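Step one of this worksheet: look at the structure below.
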Amino acid sequence: MEKGLRDYQDGDRVDQNVLIKDADIRTAKNGKPFIALVFSDVTGQITGKFWAAQPEDIANFKKGRIVHLKGLREIYQTKPQIRIDKMTVMTNETLKAEDFVPKAPLPKTDLQSELNAFIFKITEAKWNRIVRYLLNERGDDFFKYPAAKTNHHAYEGGLAFHTISMLHLAEAMCRQYATINQSLLYAGIILHDLGKTIELSGAETTSYTLAGNLVGHIVLIDEAISRACNELHFDLDDEKIVILRHVILAHHGKLEYGSPVIPKILEAEVLHQLDEMDASVTMISDALNHTPSGHYTQRIFAMDQRQFYKP
Amino acid sequence: MEKGLRDYQDGDRVDQNVLIKDADIRTAKNGKPFIALVFSDVTGQITGKFWAAQPEDIANFKKGRIVHLKGLREIYQTKPQIRIDKMTVMTNETLKAEDFVPKAPLPKTDLQSELNAFIFKITEAKWNRIVRYLLNERGDDFFKYPAAKTNHHAYEGGLAFHTISMLHLAEAMCRQYATINQSLLYAGIILHDLGKTIELSGAETTSYTLAGNLVGHIVLIDEAISRACNELHFDLDDEKIVILRHVILAHHGKLEYGSPVIPKILEAEVLHQLDEMDASVTMISDALNHTPSGHYTQRIFAMDQRQFYKP
Amino acid sequence: MEKGLRDYQDGDRVDQNVLIKDADIRTAKNGKPFIALVFSDVTGQITGKFWAAQPEDIANFKKGRIVHLKGLREIYQTKPQIRIDKMTVMTNETLKAEDFVPKAPLPKTDLQSELNAFIFKITEAKWNRIVRYLLNERGDDFFKYPAAKTNHHAYEGGLAFHTISMLHLAEAMCRQYATINQSLLYAGIILHDLGKTIELSGAETTSYTLAGNLVGHIVLIDEAISRACNELHFDLDDEKIVILRHVILAHHGKLEYGSPVIPKILEAEVLHQLDEMDASVTMISDALNHTPSGHYTQRIFAMDQRQFYKP
Amino acid sequence: MEKGLRDYQDGDRVDQNVLIKDADIRTAKNGKPFIALVFSDVTGQITGKFWAAQPEDIANFKKGRIVHLKGLREIYQTKPQIRIDKMTVMTNETLKAEDFVPKAPLPKTDLQSELNAFIFKITEAKWNRIVRYLLNERGDDFFKYPAAKTNHHAYEGGLAFHTISMLHLAEAMCRQYATINQSLLYAGIILHDLGKTIELSGAETTSYTLAGNLVGHIVLIDEAISRACNELHFDLDDEKIVILRHVILAHHGKLEYGSPVIPKILEAEVLHQLDEMDASVTMISDALNHTPSGHYTQRIFAMDQRQFYKP
Amino acid sequence: MEKGLRDYQDGDRVDQNVLIKDADIRTAKNGKPFIALVFSDVTGQITGKFWAAQPEDIANFKKGRIVHLKGLREIYQTKPQIRIDKMTVMTNETLKAEDFVPKAPLPKTDLQSELNAFIFKITEAKWNRIVRYLLNERGDDFFKYPAAKTNHHAYEGGLAFHTISMLHLAEAMCRQYATINQSLLYAGIILHDLGKTIELSGAETTSYTLAGNLVGHIVLIDEAISRACNELHFDLDDEKIVILRHVILAHHGKLEYGSPVIPKILEAEVLHQLDEMDASVTMISDALNHTPSGHYTQRIFAMDQRQFYKP
Amino acid sequence: MEKGLRDYQDGDRVDQNVLIKDADIRTAKNGKPFIALVFSDVTGQITGKFWAAQPEDIANFKKGRIVHLKGLREIYQTKPQIRIDKMTVMTNETLKAEDFVPKAPLPKTDLQSELNAFIFKITEAKWNRIVRYLLNERGDDFFKYPAAKTNHHAYEGGLAFHTISMLHLAEAMCRQYATINQSLLYAGIILHDLGKTIELSGAETTSYTLAGNLVGHIVLIDEAISRACNELHFDLDDEKIVILRHVILAHHGKLEYGSPVIPKILEAEVLHQLDEMDASVTMISDALNHTPSGHYTQRIFAMDQRQFYKP
């Protein structure tokens, strides 16, 4: 694979097409306007500043445009950026924005068939029906949304990919520990982050909705499950329903992480730990993939700003 | 008023009718059975042990019976208890269990008319209808349940009394601060603990239900509000609905106290602080009422085991 | 009311008289001097930078001058500032600095008569005399000082206004809870922050004095109360005096907030909670007043950097 | 399987052979001696008290004896115990102490062949040789020791069983995440708790040695690895050696849990999370296995005293 | 030296005169009265219970009496106690209570002359005069009071002994670090705990006074220093006075330990650390003195319940 | 002594020879290169920026060069720096880099003879031999290395100077407290930070080695002690060896500060407190030495960013 934006090292020359993901007009210390840019390609993102911007520059270098970028990759205040030498707007219609954003490592059809295989193994009828009901309702978004705004799996299809990674690990857990209820764990995993399709505004822009901010994805999906139960005529007091809701409500593991209850069911604790496992291995691996041997990664925000060494 | 169970000091003689709230058969260190009793009257509760219990004693001194109790109030391992001299079962039918439990300081009719006056001031139509809908559904329990299992307002009607105390303080707050939305604050206060009627098993026994333990009263009432909105055909995405849900979800003030979101609306913060204010003044006052001048109260569990001095 | 400095939104033109509250000469990255300015009017403050300052600019745009300011309100690194287009020194003598700083919402005479009404209700003679003695001594400063250097009620008369707000809430509390000793609570509230008149340097500049930094307002007012007792021939061992001192020493509520003792008297706990209530509602309301509907306030420093949504 | 000591419910009659694991002579409140006993069989342990012990009882009911026990399973101060009706010393020589203690669910030969298969997959020569060197030295203890004094896998062979459980999960992790170095993770897992064979006194009694208390198993195994390197003529400054030592030193995950460094290598973080996963699922499962449906487990000490619900 | 109460090991016979420090009448589980006793001699204290107490026993074995005690030293629920075989009241008038309590290792005259030598080295006139003024006022108590109610130096003269130990260490510090102001450090040390003579009720009984509980020794001595300054006509705003007050107010080192300000002067930080050093070495040494080689001490309450090993 | 780099106040003219300790080429906001410099002389370090650097400037002003510097000392974003007017490379060969870095206040020969005197007092033969063995091995580095990368004693010889300061205080401690084992405390102090000669890369550049980062100086010196014992044929299970290792392993005092065990021996606790004492007094004194009377020091990073007042 050719080098992309997250592959360059300090001092490398950049000379490729990129998508302008964000373009913000600001005032420099000398009073002149400049454009603060975020560039994107399939490998990820990097920032750059276009100094002394003329009105025509501001008109050309807008969010959503694809440009040919020449410049130098450098470090400014501990963070990587592109020192821009030249930018040219590309008008070639075969260049599409969707080809300049990172994607899940597997195509949607593969994710779908993997998911179906797991749903098939949910042998408890009520849980199976609730899962199907909600995926029926929110399935399109489930395969399009990222798993988080920035920290991990922050790409198109990230939510589905994260969910299926967890299901794989869950499969090994069930093989190892006879006490785990496989149906409950699978149903819980599939639903645990589905509320993010309500919490976040969309797969592209990915900001928080008002309900996302004031209610949060954990309670939003709980409300959806309750509504599904009403539609399916399942009693909310049925123990099967109470423990499914619990497994999802408790998946952040601690009150201070935003779960209104801590895990009080084995499967809730396992779900929580698998979620942490997949998120942290993914974040560390992603950082290591952009670090040369014998160096430390950049600080990883969602892991207490820790750095990891690449042997 | 005559002295009751919580009024006695160390060394006082006890000679009155009491309700047996709880009676647990255990084995003493010498191998003989004894009955661990909880006595109750309108002033509150106290424990006692009936040693060397014969089968007929075990048959007589059961939970729910009213007995005439003679004994001595003493301190055992820092806690007050009754050293029992004599217990006689009372068969007089005019003695009713409900007269031997603490009650809200105001009769239900007063609480109801006070509450109605506040509901009348909720001028936002949707909030007003949601409040009426849910009180219609759960009103009987609202006026019967305690506000908590043990810590504060742990008596019949305690939930309603706590709610109305908060409404009184809220009224003063609204007079003082023009920025507070009175309708939102009142609606939030009335609904904030209504989930306890689902979380707790009842007004008398008061244990946690399975849903109380695994879902919790905050999410339970949120689900009820969402369902009410569906019934009333209110859009769940309507900002009015989102902020009402938020005000209630956030009322514990911090994630580590079990709210899935922290207060992000002025009224949510105010509701939280009024809840703490009423709970703590009530707990301290209750403890002071059973403490003589010049002494410290017993440690108050829900206030970090603190003690307060009575001048 | 006309728009003032804290009312502008991003992109608004500014064209009005302002007071230069602070003017600091610094060196720009290009080596040239600039003036870092703080502008003030009755609505509050905002910063701005005067680039490439000539010696005559430095001579003209000094702290304390009133100038006519033209410019643009913008956001620089998440904080609002004025991009200055033009500044002209105003020499009109009718323009007075004191008209360009925020003020308490009530005139001093109103504050005074309100305060007197509350003092009148302190029926315990010793507490009443101590309050009068200390207000006699420090009364001028009490009505002039802010309640804090920056966080809340940071304006002329803020200390008195904050005190009286708390007294209003205290009145409602005393009506609601029979256990509260009204005289003790009122006396405690009036004295609780009076030490700030020793801790802070004055109403205008408002920096910390050496004693403010090394002893702190809580111990400074305690020393003043002790001295007052000596003058008034009150025994320091008298329980009435000990509990009054306690109520004030404990008003920060927790050791880690700087109180040398935690509240061990009901009124001390209530005073602490009322202090928090008035401070937080005031800070949130102030932030909301400068935020348009549908947006979040700026982060509020003294409330854990939290943001609040304005519906 | 027949019922054993940990299978009884409250009120069940006990009538079986047991091992006296511990027998402590104490004085009752009435001044008479009694024997505080710990009974054991293959299902686990339970306590009991033999009251009013005569000298011949004290002589008979000693640690290590097998006795026939008749009694009642009851709860005393929230903990289960046996109320003893009768105890008879068993002199039948076919009864052996080793048949009255819990064992790993797999026989030693199975554990050994599983372990060998994993060692075979450590393809980095130095790590492979260090692992073989240390297992050669401490292998007997490795298959005999428990994984911990009390919390989890606290039975003969527990250390090996815990290690192999983690290796199984590690296998699934390596399949899922290409970035993980399988050799490093396997070598780290096999060695991570081997220091417990120095820290603990033995498989039966299991108390802490002086070095266990004052140095701890993490540093003890690090010293053993360093010594192995010296014997095998591996340079301690070789990066391969440094990162292997790191992976083991960091496996408690946080400084406050006793690791002198936090994980700074991907495999160190994964090892830590797998350790937590296996320990917590094992502890919860063990507690659930002794809890009837519809009830909560006893509090689990090493999981913050949490309780889990068994659906 | 002969063995005393704190020298006995488990199983040792006790046969010596002791002082009854405390005698509390309680009811045993079998309903009969017993006396809970605290015995004392010059080595320290130990508890014991006198079962089945007759009225004449209760009359004889009172607080303050000297008795001849025969019994056995044993461990009950992890704590040492005396199992009493026989107690006889001693009427010999040469036996005095004051000879049955622990004492400072140095006689008062030595402590006084040591203290005077240090005061002589306080060369700053104001600090010297304040120290003399307050020692003049409270000197008798200074040489009689303990340094704390229970934790360390809890014996007659303990306050003076603790103070002088710190002065010795301070002397070495001043020799080592030229930046330390010796006069300020010595004056601060001498005054730092003098407030305990107001906080505690006396040298014998040692409970907290009301002012001790509600104001605390740190603020109590600050008030005394302020009063001394008024008497000596020293200006409270004089920097010399402000920093002396600061050094004492800050000596607990952190807000959460009860200092209203943290150390902001070098000498304040040093005083705090010397205080911790002397307290902890004294507590550990005291515990080690009552522990045989090869064992751990009892848990030390004021050091986070830690235990120390005696090689 | 003449003024040096750390002696200047704001606005002072600088005109002296300095060493360029570090020179980093960066890009200014206007796109032009500048050199970010760190200057050093015997008093310490300060930063400066050389704007609009030409290629010949970059070639001249390199790390390791001695230059004559003219400029102005000013504050930029709360930190002191030099605004450079002119820099001239000095080619005079009598100017040596080693004369432009801070040094220990005592020459190496003095430090050596002081150290020998203390070693002589280690009367326990094994500890004495281990100390000699390791100083023999690492002695050159011991007298050359700093005690830390930046916080305290960060100069050539700092490690030895810090160690000997602690030994002086330890001497006073042993005089004061009979329970302290002088040999153990001295041996522990001498070895406690010797691992820094492995953890850090050298006396001049002072970065962390890989083993420093992934293993840490505490475990590195423990491994060296273990190896020394093997060489000297001392049994690692000998209690004398275990407690020496413990005293060093525990010297950070708390797990969260990186010690794998907390102090469980009196001397371990004392060593920890002496380490903190010497480090904090040195940091505060160093900051005070560069602060004028009546001002606060800069924030001290390793003391929770606290500031200290200089009377």
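Going by the order they are written in, the chains are A, B, C, D, E and F; count residues from 1 in each one.
FYI, a contact is a pair of C-beta atoms (placed from the backbone, for glycine too) under 8 Å apart; a residue touches a chain by one contact, two chains touch by 3 or more.
Model, not experiment: these values are computed from the prediction.
Looking at the partners of subunit B and subunit D together, the chains they share are A, E. Same interface as C-E, judged by over half of the contact pairs sharing residue numbers, among the pairs B-D, E-F or D-F: D-F. Ranking every chain by how far its Cα centroid lies from the centroid of subunit D, the top place goes to C.
Set against the Cα centre of subunit F, the chain with the most distant centre is B.
At the interface between subunit D and subunit E, two copies of one sequence, fewer than half of the residue numbers in use appear on both sides, so the contact is built from largely different positions. The pair with more inter-chain C-beta contacts, choosing from A-F and D-F, is D-F. Rounded to a whole number, the gap between the C-alpha centres of subunit B and subunit E is 44 angstrom. Centres computed as Cα averages put subunit C at a distance of 60 Å from subunit D.
For subunit E, residues that reach two or more other chains under the stated contact definition are 29-30, 210, 213-214, 239, 243, 264-265, 309. Contact annotation for chain pairs lists A-B, A-C, A-D, A-F, B-C, B-D, B-E, C-E, C-F, D-E, D-F, E-F, with touch applied as defined.
The touching residues of subunit E, when paired with subunit D in their complex, are 28-30, 51, 74, 76, 83, 309. Considering their complex, residues 165, 168-169, 171-173, 175-181, 239-240, 243, 262-266, 269-270, 273, 276-277, 280-281, 284-285, 288-289, 296, 306-309, 311 of subunit D touch subunit A.
By the touch criterion given at the top, residues 210-211, 213-216, 218-219, 222-223, 226-227, 230, 236-237, 239, 242-243, 245-246, 249, 255-261, 264-265 of subunit D touch subunit F in their complex.
Across the complex, subunit B meets subunit D through its residues 26-27, 29-31, 210, 213-214.
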